[in-house]
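Mind looking over this structure? Questions follow.
To keep things simple, chains are lettered A, B and C as they appear, and every chain counts its residues starting from 1.
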Amino acid sequence: MTRFLLRLAFVVALPLFLLGLWWLASDDSTNPFWPPLRTILTTFPDVWTSERLRADVLPSVLRLSAGYAVAAVAGVAVGTVIGSYRRVRALCEPVLEFLRAIPAPVLIPVIMLFAGIGDTMKITVIASGCVWPILLNTVEGVRAVDPVMAETARSYGITGAARLRNVVLRSASPQIFAGLRQALSIAIILMVISEMFAASNGLGFTIVQFQRGFAVPDMWTGILVLGLLGFALSVVFQLVERRVLGWYHGLRASARRSP
Amino acid sequence: MRGTNAVLGATGLAVFLALGEAVPRLGLVKEAYFPPVARIAGALGDELSDDTFWTALGDTLTGWALGLAVAVSAGIVIGVLVSVVPYLREATASTIEFLRPIPSVALIPLAVLLYGSELRSVLLLVVYASFWQVLVQVLYGIQDLDPVADETARSYGLGGWARVRYVLWPTALPYVMTGVRLAAAVALILTVTAELVIGAPGLGARIAIAQNSQAVPEMYALIVVTGLLGLVINVGARTVERRALAWHQSVRGEVTV
Amino acid sequence: MGALLDVSGLNKVYEGSGRRVEAVRDLTFTVESGELVCLVGPSGCGKTTLLKCVGGLLAPTAGQVTLSGRPVSGPPPGMAFVFQEYGRSLFPWMRVGDNVELPLKQKGLSKSRRGELVDDALRSVGLADAAGAYPWQLSGGMQQRVAIARALAYEPEILLMDEPFAAVDAQTRADLEDLVRGLWRERGITILFVTHDIDEAVYLGERVLVLSGSPTVVRERLRIDLPAERDQLHTRVAPRFAELRTHVYEQIQAAKRGTPAPEPSDRIVDVEDRPVDKS
């Protein structure tokens, strides 16, 4: 019980201290850009009504999910093919290295040419930015399947789809998840940016509107919402990862205990 | 074997470029949206002979390098401090876990209000985004310290500073290098993003201008430049990493964080 | 009648980047149904290459392997492989029971039949309770037991074991040797067992094939006339055991030096003029 309380203290102490510091330091702030935390918090419920959540947060989250899902499926599928054949890999590698190196946000002007400024544009932007880390990590993971495991599978007649499902993708999954994690932060960036560029709703759009209208406390609440969204998505990701990669963390821990 | 791979890679690149030429020429996509490779190359040539292009490139590199340097130094110092001081790691864990996933682009409006389109706007975004990459890798690296190595050092009477220098730092170094490599890539993304969205001078702003003036081939040419820049940074960071860790590379895999 | 496994004129040459390495020169031997045959040879003599050719994991450069009269061109369904690297041969993302069951699913067996085979195999290696654990939660010896259980459940005509106990400690190794010996006697399975350990080969085998150094040929075929009932304590101190192991030891030392075998390698050699079994 005392151990639990101690751990709880460790978890909440610093955040509470920092919040307190912010509160006190900003309390009599007259700087228009740094409004008191009190003002930000009292503004929060007025700005983020359920109406606004439905009109701005929901579309953003939907675009993000759609783009991310497309990137995940395409990245894993293409990455598996490329990773499975040495020659295909050698053929594609320089091109992929180049495409991966393009900072994703500069694709927004290009994709706007093709897809206009609607949801298709935003989903395409998110997908085309997220796909590279997923794809390249999948290639690496698939390529690095342990030769003994590959031979075991072969000697027991585990081939084709069963091999892909039970051996290749499972063995590559730690790498694939590393790619998915990188892609998640890119997805959020692209969601916000694409909405700042051209949109009539969404989180990025709303926050920029507040900034342009000098509604500074409202803008601050928007930054908080984005922060909370990023945090929430990362928590969800960790929950999924812990479930899917439970074996991997156990394996690493046991390897650490007995090297 | 290496020779065959190089030939295959060059073939892949050639096919990619040929497709880029053929697809718009055959009218599969509108030339106005996707100019053929030859026209993009021409626009790239014009850019390269334009002084303002080089100024923009210089601005971008300045933002990138400054931001990365600040983020790496801060990440290493704070990472070591948090790991070495007793209880600090536990006390900061929740705060780090909360702050890290906050997308740095959320700070764009704040940066615009505070600094307008100055370099400081760019730096704010770049440092915030890259700092976490370094910090987290440093924390993981120091956590990976082999207790046997540490006890050996202790038993031979190495003091606090010597242990940091000869045991802790070599253990953490591979992770630090990974962190720097990831941070370098992230820093470039955020530099260009800030220029593109906020209008701070640099390649990103140049892309935005090209877009607004419908100069499509120039826009593509500039995007190719950012891609090549990213490529050089990635390859360079990986080479440095491999050089520095030749003794260590086989021992561990990258941490998946 | 033909032998269960017939290896004739097996030759394997690795070629790559201008170098040509002949790993296995000319290997001919047979394994009868129900036999336990050990292949022993000096370290680095191409034992693993040889076994992979037999198991259809590598294509031989020349020669042929047949199992029950059918030529082997890929891994045949009648063979099960137990690798030395138990830690990398079991899938760490599957529980023990699923590891044993996966090849059976691939064979298309019904769920109830699979359940029976998995339970039976795990019980016979003494791991009836471990089905729900992950392999990395078990000790090295237990992991190798799981690999053996997976091979048993597969119901192969022949079990190929590639230095399976080279990476476990001495006591575990003795236990595992007795396990293999016991399973062979109870179940009447056929086993081809590769090892570099002379004592292990003599202790386990009914026949021992001594291989030469690389490129590999069969240097000697030796029938082990120890009683079928063997145990670590008594068998290993029996005078006959000592004679046999000394003989094999000398042969291997000679093979390492590269001295040619005293007699043509495809004849059955016996020690000290004991009666010879022509098989």
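Simple rule for what comes next: a residue touches a chain if its C-beta (ideal position, glycine included) is under 8 Å from a C-beta of that chain, and two chains touch if they have at least 3 such contacts.
Note that the structure is a prediction, hence the values are computed from the model and not measured.
Upon removal of subunit A from consideration, the remaining chains are partitioned by touching into the following groups: B | C. Of all chains, C has its CA centroid at the greatest distance from the CA centroid of subunit A. Centre-to-centre spacing of subunit A and subunit C amounts to 49 Å, using the average Cα coordinate of each chain.
If you average the Cα atoms of subunit A and of subunit B, the two centres end up 17 Å apart. Note on chain placement: the centre of subunit B and the centre of subunit C lie 52 Å apart, centres being C-alpha means. Taken together, the subunit B residues at the contact with subunit A in this complex read 4-5, 8-13, 15-16, 29, 32-34, 87, 90-95, 97-98, 100-110, 112-114, 185, 188-189, 192-193, 196-197, 204, 207-208, 210-211, 216, 219-220, 222-223, 226-231, 233-235, 254, 256-257. In the complex of the two chains, the subunit A residues touching subunit B come out as 7, 10-15, 18, 33, 87, 90-95, 97-110, 112-114, 174-175, 177-178, 181, 185-186, 188-189, 192-193, 196-197, 204, 207-208, 210-211, 216, 219-220, 222-223, 226-227, 230-231, 233-234.
Partner subunit A is touched in their complex by these residues of subunit C: 52, 55-57, 74-75, 77, 79-81, 83, 85, 88-89, 91-94, 102-103, 105-107, 134, 136-137, 150, 154.
Residues of subunit A touching subunit C in their complex: 146, 148-149, 151-152, 154-159, 162, 166-167, 170-171, 173, 247-248, 250-251, 254-255.
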